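Before I ask anything, let me first share the structure, which is written out below as structure tokens.
Per-chain residue numbering starts at 1, and chain names A, B, C and D are given in the order in which the chains are listed.
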Amino acid sequence: MNTYNDIELMICVASRIFEDGASVSVGTGIPCAAVMLAQKLYAPNILITFEAGAVAPVLPAMPISVGDSTTMHKALQTGSTCDQMEMIQRGLIDYCFLGGAQIDAYGNINSTVIGDYKKPKVRFPGSGGANDFASMAWRIVMVVPHSIRRFTNKIDFITTPGYLTGPGAREQAGLPPNTGPYKIITNLAVMGFDEETKRMTLESIHPGVSIDDIKNNTGFELIIKQTPKQTEPPTQEELRILREEVDPFKAVIERKAE
Amino acid sequence: MNTYNDIELMICVASRIFEDGASVSVGTGIPCAAVMLAQKLYAPNILITFEAGAVAPVLPAMPISVGDSTTMHKALQTGSTCDQMEMIQRGLIDYCFLGGAQIDAYGNINSTVIGDYKKPKVRFPGSGGANDFASMAWRIVMVVPHSIRRFTNKIDFITTPGYLTGPGAREQAGLPPNTGPYKIITNLAVMGFDEETKRMTLESIHPGVSIDDIKNNTGFELIIKQTPKQTEPPTQEELRILREEVDPFKAVIERKAE
Amino acid sequence: MESIGELLGFHHPDEMREFFRKKSKKMTSKLTDLKQAVSLVKEGDYISIGGFGTVRIPTAFINELLRAKKKNLIAACFTSNVDTDLLAAGKTFNKADASYIISFEALGAPKVLKKYFESGSIQLTEWSNGAMGWRYKAAAMGLSYLPVRSMLGTDTQKYSAAKEVTCPFTGMKYLAVPALYPDVAVIHVHAADIYGNSYIRGVLVADVDIAKASKKVIITTEKIVPTEFFRDNPQNTTIPFYQVDAVVVTPYGSYPCNMPYEYFMDVDHLREFLKAAEDEKTFQEYLDKNIYNCNDFYEYLDNCGGIRRLEYLKDLESQIIIEGGLR
Amino acid sequence: MESIGELLGFHHPDEMREFFRKKSKKMTSKLTDLKQAVSLVKEGDYISIGGFGTVRIPTAFINELLRAKKKNLIAACFTSNVDTDLLAAGKTFNKADASYIISFEALGAPKVLKKYFESGSIQLTEWSNGAMGWRYKAAAMGLSYLPVRSMLGTDTQKYSAAKEVTCPFTGMKYLAVPALYPDVAVIHVHAADIYGNSYIRGVLVADVDIAKASKKVIITTEKIVPTEFFRDNPQNTTIPFYQVDAVVVTPYGSYPCNMPYEYFMDVDHLREFLKAAEDEKTFQEYLDKNIYNCNDFYEYLDNCGGIRRLEYLKDLESQIIIEGGLR
């Protein structure tokens, strides 16, 4: 049996969701590792884009910034942030990848403040490109560690839209139809969203995790329609390529999942 | 005394209106010759732009098209039509240069149709960039031959805005303030516009032309406030540079003024 | 002011999002020939041509389109001379957005085509060049309109399909120009790889936005280059592969127009076109000789003086753009 | 939804037209030094910095701005890490448009500055990166707003200064983002001539639009090149001279950030910054050592290892962008 840490688990599981030929807006860290792994194993024709302007690079190493030189190596375009945002607005980007400090049952994300906006207990960076990605890309994927602090019933600030208040709310707000949260991958499970209620549903549980573990780490009621599947654990090949080719310097996979 | 034809006269007179450092959107033919002459004699720092995308070229010859290779020779930018139009919209272009089939007392220009729009007696090219230039550049200069057919009381189609129906009309239509027709240079005279009524005024008469000549060739009442000045005829230096350096192949200066 | 022109080439951005979602973003070869590329143009399609006036027009493609007897198209006549005039000569379209038609700028105007436009058999919607550029840009941004400060208060506005809007911050009046999403665009470029990554040198006109806005993009190119040409310098990518549906190698494919940095326009031949266009009979003879009776574009080039003439135009271009004056 | 954030950096396009009309378009030398360039920044000015995160930030300029003890500015904190954090470290601004603040992306966040932002002493208006990019673009187009499909339905919208508008063609709801016309912009480039024509290699972020939108543009450049570098290939002109007010030669002027194709970021030094920022005292020592007690940027570079360190970062950059992997 393979051994792996939480980060490696999340990356390997996330790498499996892309069909070949999909287009994706990528951030640094876990999302980038997952997409690089996908490109090497499952989706050789995946189209990678970065919001600072780079399109379709041959990534030589994990980027530190989404605008750094690694994102430009053998890239096919090095344009502007508006170019990238308009590519998403035109409907060309299938997937975006987000993190966040708080997430609610509708997949709304807070990465702005904990506490009162004007004098917050904690200030985070804010939207960055996340709100744009989640407003206009077709499918939102989140990769975050699972905790009751993070998966909360009422988030302090909606930085980035999930399904907002539920069915029809995105469309009513003016967001493009048929978009929204798609998968949430944590160190415990993979979650999806219920077609009808637009609330988070449990899809598969990672090896060695119980439903109670998940419930105890989730601050809202998770829809559990049937006995959830077990997540396929990271394969030997996934781990080998991740460790040897994607992140040989352990820039991401040996970080602690906060 | 120098001899010169109507085209040479119009070019030389038009070349004198630019202050040094002015910016100008240029078309092919007479406007381009006038600006090239101005650059060599009166305004070495004039900033020349073309709507196909070229900025600040060192023009080696008279362009045939505003997008042809001559406009790109030693240019500092070769961008897009929107780039150029937005430069004008931002307020960066002092002068634009237009022609037209019909002009009225407010400087409105027709370059679309004579007769009924749906089944016209004559169809002309239409606006091209003229409407954009005249809407958003600070000052509109027209260089056209003088005839009663062209200088008419009621034009069949307002392709390009002059002062529209008079004082305040441009602003009411939504056009930027402090813009509008500035000078009209013909083979007979130089005209300007009355501050108060926004109607065409006679400013100076070319050598050998009488006020009656002008009245007989103008289909509306031209404001004549005082005895108009006489236009300074083309100087020997203007003619020499125009003939030897600006248009050595006589591409423009030996064409007939229609 | 209410506009009364027909709104052409417009789609709801959400409809276009669904279209672009399904369009393949795989890097696969799109190399094909002119006949296949022309077959991508369907009855009723809205067609946009890249370039400007007599510059970088995909003539080889348009000639093939005429040979294929395409009809009932809708055309964008934007900054257009040779492209619009050839499309009109083939009676390929019956509706058009018009910002500049008929004239070959400083060279004159083809009389027969002027008459054709005067006959009322083509239904036009009027625009300025800026408005057309911004219509493509709106679509390229994924929007249904852009607010602009042009065309206001004129008959150009009246015979357009634009609408007035108010700025929510200043109360200013703007003209909202509707997005223009062509069904098919044809753009001639300096170099492309087999995947459709394309390089344009010199003025871009509206071609970057046209390629983003169009459902299908056909690239005709002077030559094929390896993908490394783009990967080694991403600034060379004027149009990226994922927008492109077909790549056709057409050397001298813009003749008799000007391909900047490659060959100058053939002024004599353009004047021959204008002269032929003085009456119907001589114009039909011109079209038969140079288009309909040619099997391909090389036959047309041979008619016009072949390699000797092309080398002369290349030399002329060198004089203009490198030496900076005619010898 | 009504937004409640303060509208910053906004002007009526007609006011800006008058400003740009008067700005000189003569090609005169704009060469100056950092002290003079910094003096162009006035009390109360809205300042925008080019680059992205830890990439192509004009650090040399910002350090000089801190030494000059500039205060009461309004800042654009857009895709910003090192620039925002340095400006915050110097307490140079008390209002800001914020789309991304504090964090050094994958490296972590400076704690002291996080606390500073949490103290409530800086008044923020919220935006997304896309919204900020489009705000510059609106200004660059000469408009007062652009309609976009982002930020809708969120608290980011609520704490912004955007307004909802309706499309006159489709009835769609859009968010209108207001134009952003900075008083002064500072952009670090790869090469410039003495007139301000500037070349940027690699990602452009929003810098082309920022240069068009800003009243004053200060260019800091790795090196000066002759104007022929631009005239021989106009595609090299990322920012044209007529937008530029000052050109300052600042070799390694983006250190410790990444100047693409020139030198990689100094990850160790950025980590030293983050470590120092764990408490007020060590952070003040860091700032004193590296900024306030330095006479100029070269002293800072010497502090950090001088030419030996810079050559190492140049080698690292070669490995990444030319060799495509770390040796």
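As a convention for this text, a contact is a pair of C-beta atoms (placed from the backbone, for glycine too) under 8 Å apart; a residue touches a chain by one contact, two chains touch by 3 or more.
Small disclaimer: the values here were computed from a predicted structure and weren't measured.
Asker: Starting at chain A, how many touch steps does it take at minimum to reach chain B?
Answerer: The distance in steps between these two chains is 2.
Asker: Could you tell me which chains make contact with chain C and chain D both?
Answerer: Both-contact set = A, B.
Asker: Looking at CA centres, what chain is most distant from chain B?
Answerer: The chain lying farthest from chain B is A.
Asker: On a C-alpha centroid basis, what's the spacing between chain B and chain C, in Å?
Answerer: 28
Asker: CA centre of chain B versus CA centre of chain D: separation in Å?
Answerer: Inter-chain centre distance comes to 41 Å.
Asker: Going by the touch rule set out above, which residues of chain C reach two or more other chains?
Answerer: 13, 142-143, 148-149, 164, 172, 174, 201-202, 234-235, in rising order.
Asker: Note the residues in chain A that touch 2 or more other chains, in rising order.
Answerer: Residue numbers touching two or more other chains: 54, 58, 72, 74, 78, 88-89, 136, 176.
Asker: Chain adjacency by touch: line, ring, star, complete or other shape?
Answerer: other
Asker: Which chains touch which?
Answerer: Taking the chains two at a time, the touching pairs are A-C, A-D, B-C, B-D, C-D.
Asker: Report the residues of chain C in contact with chain B in the complex, numbered from low to high.
Answerer: Residues 1, 51-56, 79, 81, 98-103, 105-107, 109, 114, 117-120, 126-131, 133-134, 137, 148-156, 159, 164, 172-175, 201-209, 258, 260-261, 264-265, 267, 317, 320-321, 323-326 of chain C touch chain B in their complex.
Asker: Going by the contact rule at the top, pick out the chain A residues touching chain C in the complex.
Answerer: Interface residues on the chain A side: 20-23, 45, 47, 54-56, 58, 72, 74-78, 86, 88-92, 94, 136, 138, 176-178.
Asker: Spell out the residues on chain D that touch chain B in their complex, using ranges where they run on.
Answerer: Residues of chain D touching chain B: 13-14, 16-21, 24-27, 140-143, 197, 212, 230-232, 234-235, 237, 240-242.
Asker: Spell out the residues on chain B that touch chain C in their complex, using ranges where they run on.
Answerer: Residues 28-29, 50-54, 58, 60-74, 78-82, 85, 88-89, 108, 112, 117-132, 135-136, 157-161, 164, 169-170, 172-176, 249, 251-252 of chain B touch chain C in their complex.
Asker: If you look only at chain D, which of its residues touch chain C in the complex?
Answerer: Touching chain C: residues 7, 10, 12-14, 142-149, 163-165, 167-170, 172, 174, 176, 178, 201-202, 234-235 of chain D.
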